[in-house]
């Protein structure tokens, strides 16, 4: 069972805001619209962990692996060897589904259960300390009714709480809305919420990041400007007040 | 049957605003979005009561007990001995459900009834004066239709009104909305409403607290700034007018 | 059948705004969100009537009688003897329901009809001049379909129109919305609408009251500030223009 | 079949805005929220017509006749003799329904058809030139499905178009909304739309009236301030620009 | 099959904005709320075409022909002889429906198909160059399910695209909304969109017109003020910037 | 399988913002309301590709081919010979459907599958490098339930990801809304999002373009003003800050 350790994201300003990092064993919802930088932040989180010796796994549901790696190769933080050595594992849930004989695009109740088991088995076997599901939103779209989605989310929450790893679930929301998830249930299984929001600066969009919630740490709630560059990946900096919408 | 006594929350400014505290026997809805501080405030309410000799119980539905206690251990107000001595009882409704042979994530009408009975039995046996359910929102998500939710809420209201304790039900709402509950029914069983709202201060979020309603006391309706720190837990202070959204 | 008499509320500024009071025999919808003061205003209306010799009845559907009276005892206008002498009758519709052998929390079509009959019988037997139902909203939540609600409201309207008393129905709406009722039908059976609204004054809420509609009187439509105190109960005063939202 | 004559409302400023009045034979939707003055304006329209020798009929669906007449007696424009002489006929559609053996609160398809026939027969027999239905909204609430409502409105439109009289249908909408009807269909059978809107003037509501549409006349679209007084009934005056919301 | 010719509307400023006129063979959606001038603009379009020797047809679905002609007789542009000579044909779709033995107010799938055939036959037989349906919105309300409406609109689009005439479909939307149609599908069959919008000028409504889309012409997107007078019918003029909402 | 090459759009400023162009093999959602210039931009993308020797295909679903070509003939960038030589292929999906014996306006599950196969076959046979579907929105409207639409979009995503070409899907959204697609699912299969938005400049609409997301390139997120002219087709320029809404 998780103790009081900290899981460093590896992005300096964010770890400071979290008073060290994400409490080990937490489930964090990373919320943002398309293009807000969720996938890049999650990958950086796994790579940084691997560099510190913590094995991780990235479950994708919409982006094929060859695209994912191609997109990441442009970043300096990316280290192909960590993938090859199995320190960061990239797994396409659709391929897993196909191997299980499931319809890759549409899950029944049993499929969803089987998938959860596989997901847990993989995490256990690999003994991962960091886990990412990108995205919980797309995953739920494969389920066929609100009831199935609700059940799946709660069961996923129970599974994750029982695992000995720190999880980030990405949550895709429409732009310019103030909600944390598509179904309004995802946040109930989250110990923390990190909110990525594009704000308007004289007609251009500025990326921002804010820790809205993180159980077990008296975190800062400052809203930071966020940049993405090939050289540094995700970086946070103070948000100039004059640039507020 | 409850008389005209007062149940002190133990947060000085809040008790002043309530002209002493919550009228004993009331059911209070504590409304806020994810990360607004509902759980911490409720725990502080129970711990403070226990220090005054009033036994309490905390029913959680989403957060496992080991996480809950780990998260609380960082606060100075937290006193492990009060848990160990049974003055503050932490109960995971999902574990209760499992012991009853119920599906922990999905309740039938009978399950919901059984759960209500158990809840009442526990409160009676322990002779608690303070009761928290965190959250009524997550609890209702386990029910499978709007009709079941409506019935459950009204029955819960009757049960609570018949008990001899002061109850806080946390109600989770999306950020930046002006409603008191997910279903619009929860407020009908509440004698009081305490509203936690994040307001925008030049781009950062400020936590605020306001007593919107409290039957039986000519309470203040001032909106306070609210802070959470390891040392003092929840604290209220005047809201600087210039920081209004 | 009602003539051209006036039923004084007993709150001076409100009666002035109504050019004397509510036309006798009217059905008035008193609209406001939780904590806006609807229950207190209704009780003051009944107590004031009783002091003038007009018998009244208060039907509650969510608040148990012992809580209702406890809450009212803090007000100077409250006079226990008027309750004891039967000049103001407090009736819990759930207890009535139980006596009828109905499910107290969920009404069938027949239950709703039986309840309406009982309600009318009580008003007739007691020969009441003032009647309050607190709230029409909670009452309708006990009905199980929009069709039942619609039918019930229209039948209630017909019943009330046929009675020889002046009725206030409280209508609970979410905060910061501009509607008069939950279902949009309640206003069709109302001769008058009194609207209680919390407005924002530099971050705090100010209670306001406005007569939106009152058939049969060229009433003022001024919006008043409203205060609630133990000493005076509900009081109205001019709304300082600078405090407008 | 109607020619190019004009039907004067009898409110001077409104008739001027309409370049004389409503084109004879038109169906006009008078839109406003509760308390906006729709009923009073319609009654004044009928009384003024009767004084010019045009017979009229007022069909009410929610307000009992004794209340309607009591409310109107306070206005100087009201002339009881016109009612007594049959120049203005007040008819309660619920009483008509009962005489037909229909459920007064809930209409089947056949009931709605029978009601339409009766309505047309009455208008024909009385040879009325002016017809009011107060309100089309409440009338449609008696119908039991959107399909029934849609069919009823279109059939009502055909009936009215075939009659030789000028009709006002009142349409009740929630406050502060910009729509012309509850179902969005009512305007399709209307030749004209008169919009009553309460606007905010430093915290108080100001009644306004605007002719949004009137086929067959190059009407003004000016928004007027509207007052209601016992002495003059409805009166229009220029809206001071500074009082705009 | 249509070539590169232009179909002049005959309103000078509009034709200039369209760089000559509507490309021949286009289907144009004319969008506006009740009273925005859609019918008058369409009639002026047909009359102007007829004066240039292009035969046209106006299909109405809500306004009886006698009202339509009566309303148009007040305009100087209107020329009764063009109607009488068959250069402009006015056809009431409800009368067509009745002749076909259809329910005039409610169409089945087969009815809708039959109506489309008739519509196309009439356009072919008359060899019309200009076609108006007023309104697509009211026509779709006669259909009984979203599926029927969707199918009908797409089939209408195919029919119109195959015809050798330039079509205007009026689309009625609620006031103060930013959508182009009731169902959100109508724009998919449109080559062009002309948007009529009432904007607020110090409390009064100003009519405006803007060409939002017109395939095949590099049209202006300027928003014009629009006036309607007996003498000139529809006229466009520059919108004074200071009058913007 | 796609490497790290770039697919130039051929619009200079856009390619600069994309740091060269769209990463080869990407699926891009081009989002905008009616009249925002989606079709023209896509055609320019195909023509520019063809001029560089890359074969392309344009699948249309609402606009007949003769209209499409007629509309494009007005642009200087358009080169009929590229169509004739098969470098740019224009295909009407409705005609394809008819040849398959499908209902051109309404697809069953099997139809949608067959259509996807045909689409893929055509792309393979022609060995196209650039593919456009105009629009994904209209295509989905041919499907008959939300479930079918969801399945179709995910299957389309898998098909496109497996192809060796760079795809633009146009997505039509209502004006003045902040969403990227009709169903909220389309963005899950997109590697990039280009957002076309009309903004208000003193009462007129200004076209703007912004790259919201593009996996695999550290693109600019600047919002550009966009113009459409016969001579230059689509052109981007800096958006004057003073013209922001």
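Note that the chains take the letters A, B, C, D, E and F in the order they are written out, and that residue 1 is the start of every chain.
Operating definition for what follows: contacts are C-beta pairs under 8 Å (C-beta built on N, C-alpha and C of every residue); 3 or more make two chains touch, one makes a residue touch a chain.
Owing to the predicted nature of the structure, the values given are computational and were not obtained by experimental measurement.
Shared contact partners of chain B and chain F are A. The fewest steps needed to get from chain A to chain D, moving only between touching chains, is 3. With each centre defined as the average position of its C-alpha atoms, the distance from chain E to chain F rounds to 29 Å. Chain geometry summary: the mean Cα position of chain C and that of chain F are 59 Å apart.
In whole angstrom, the spacing between the mean C-alpha positions of chain B and chain D is 51.
Across the assembly, chain F contributes no residue in contact with two or more other chains. Taken chain by chain, the contacts form a single closed ring in which each chain touches exactly two others. Within the complex, the chain E residues that touch chain F are 1-4, 23, 25, 147, 150-151, 154-155, 157-158, 161, 178-180, 184-185, 187-191, 193, 210, 212-218, 221-223, 239, 241, 244. Against chain B, the residues of chain C that register as touching in their complex are 34-35, 39, 62-64, 66-67, 70-71, 73-74, 94, 104-106, 137-138, 141-142, 144, 172, 174-177, 182, 202-205, 228-230.
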